[in-house]
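Order of writing sets the chain letters: A, B and C. Residues in each chain are counted from 1.
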Amino acid sequence: MPETEFATTLVVLDLTGIFVFAVTGALVAVRKNLDLFAATVLAGVTGLGGGFIRDVLIGATPPAALADWRYLLVPAAAGVLTFFFHPAIGRVERVVTLFDSFGLALFCVTGTLKAIDYGLGPLPAALLGMVTGIGGGILRDVLAGRVPVIFEGALYATPALAGAGVVVVLDRLGVPGAGLAAAGFTTCLGWRLLALVRGWQAPMPRGPANV
Amino acid sequence: MPETEFATTLVVLDLTGIFVFAVTGALVAVRKNLDLFAATVLAGVTGLGGGFIRDVLIGATPPAALADWRYLLVPAAAGVLTFFFHPAIGRVERVVTLFDSFGLALFCVTGTLKAIDYGLGPLPAALLGMVTGIGGGILRDVLAGRVPVIFEGALYATPALAGAGVVVVLDRLGVPGAGLAAAGFTTCLGWRLLALVRGWQAPMPRGPANV
Amino acid sequence: MPETEFATTLVVLDLTGIFVFAVTGALVAVRKNLDLFAATVLAGVTGLGGGFIRDVLIGATPPAALADWRYLLVPAAAGVLTFFFHPAIGRVERVVTLFDSFGLALFCVTGTLKAIDYGLGPLPAALLGMVTGIGGGILRDVLAGRVPVIFEGALYATPALAGAGVVVVLDRLGVPGAGLAAAGFTTCLGWRLLALVRGWQAPMPRGPANV
């Protein structure tokens, strides 16, 4: 596959992930009975927020998404479409969740690779890869006035961290980019889908919490 | 008007806008029964937060307000004054809202111009102009534990985006700074005031949202 | 004391403060019945968040903690330990609060000194010193879905600002690093402990707040 075709594939994958993340953001807005503007903002924040947090922390400002109008229009379009057609989209929410898992797996890999590119060590690079995957959803929930759903038992962040971990370990071992990306992506996606199908939950606190 | 006089006018306008934004922040703190410190922090966050988000995203750090003590003392003073005299200020809340609209119109213009200065394209520059206007209020509401009021139907962000949009379009067309700023400012302010007077609302979601 | 030994002492103090802050973050997660992942994230955010906000605002990216695995593992360990042993830790919460005050005093001093190092003036440097001390706790509370506890009358931020203020004033007067740090640290810690022991509260708003 020639270089430019590969780059195009990456952008298409990236925009697909952002689109689906953005749909989840707009759905939260609709379910909280927020207005069209909120749906668009929550769409944008969910789609781009993780990458923005990563870029601000590694000093890669302005974030790449701000230099490419496609990265701004795709989440905005997702927000507006979801706002007007939310009953139809709500009915296929399983499909949304499936694609959302793809997005998570993609972003934890690309986020980790970008952090490595900027000279970060394995542990912070993996953490920032995870943040790229989960940061948008956390911002979405905070802005919508609810505790982040990924804090309440959903196995979402752990697969992202695992995928990012695979990337940094294989990178250290000298595995080339494509194989490393595929391994990280598969690790995150596989774990996430298994957790969804089997209903796995993260450990919850035991015993009385004296408040 | 000589250069220095113009610069002074700009700073006075800027500080006036920050002062009024800060008053709205402290009023939220008082109404949530938060303490004097919270009133001062929410005043500062509301007055300066939008510009801080913009500056962090475009890499203009430290934000200009951190290099000028007037930009730190004005919102702090607004917070303390509002905390102690909130019954009187609450009675003239219509005036506060009027000045708040001036601040919004001013910040969406100055924020857009700063983003253009830092080399951003038209679409991201307009978005950052809007963020400069609305970011402080969003941070205020998140810190005070409520869903941002501008997500619940108020027509606030749309005028800011429109004003910012006018600025980037006229900038592309080569209109000089003063005319462009006046047009953007008037667009935002006019729309915002019309929305207030006529009770215009942003579109709300229709149909049942299956949760 | 030779240079390297002094540096080691500083790192140990720093990591101790981060550990205790992280414990308070994980305790909030447990009390909100959030999962193990949330406990770890809230631990990390509480321990490192204040420094991250400071570093992003002064442009010192990536934040130093991201370049040193100890600064990432210590809060993670605190989060996991607290999650599993929270009943025992909850019983010694007075000790946690005591060490938390040490952490606050330490971070307001080191944060101010770092801001001065990056060329900020006295007022913004003191503010960023305070933010270093209180920022993590604010992020923790926002992510856990509650209004920051330091907004509801606790005398927590004021001692931090006072300690930071002592540092910038003595720095201007040419007092050398060790004396200046000791004075700022003692000011913050003394005030904070007195407030705890005597039950001092920040001023609360008076009169009816017309909503």
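Heads up, the rule we're going with is that contacts are C-beta pairs under 8 Å (C-beta built on N, C-alpha and C of every residue); 3 or more make two chains touch, one makes a residue touch a chain.
Chain-to-protein mapping (UniProt): A, B, C = Putative membrane protein YeiH.
Note that the structure is predicted; figures quoted are calculated from it, not measured.
In the CA-based superposition of chain B onto chain C, the rotation angle is 120 degrees, rounded to steps of 5.
Where chain A touches chain C, under half of the residue numbers in use are shared by the two copies, so each contributes mostly different positions. Between the Cα centres of chain A and chain C there is a gap of 29 Å. Among all residues of chain A, those that touch two or more other chains are 56, 59, 142, 145.
Contact residues on chain C toward chain B in their complex (touch as defined above): 56-59, 118, 120-121, 123-124, 127-128, 138, 142, 145-148, 150-153, 157-158, 201-205, 207-211. Taken together, the chain A residues at the contact with chain B in this complex read 27, 29-39, 41, 52, 56, 59, 61-63, 66-67, 69, 72-73, 83, 86-87, 90-91, 142-145.
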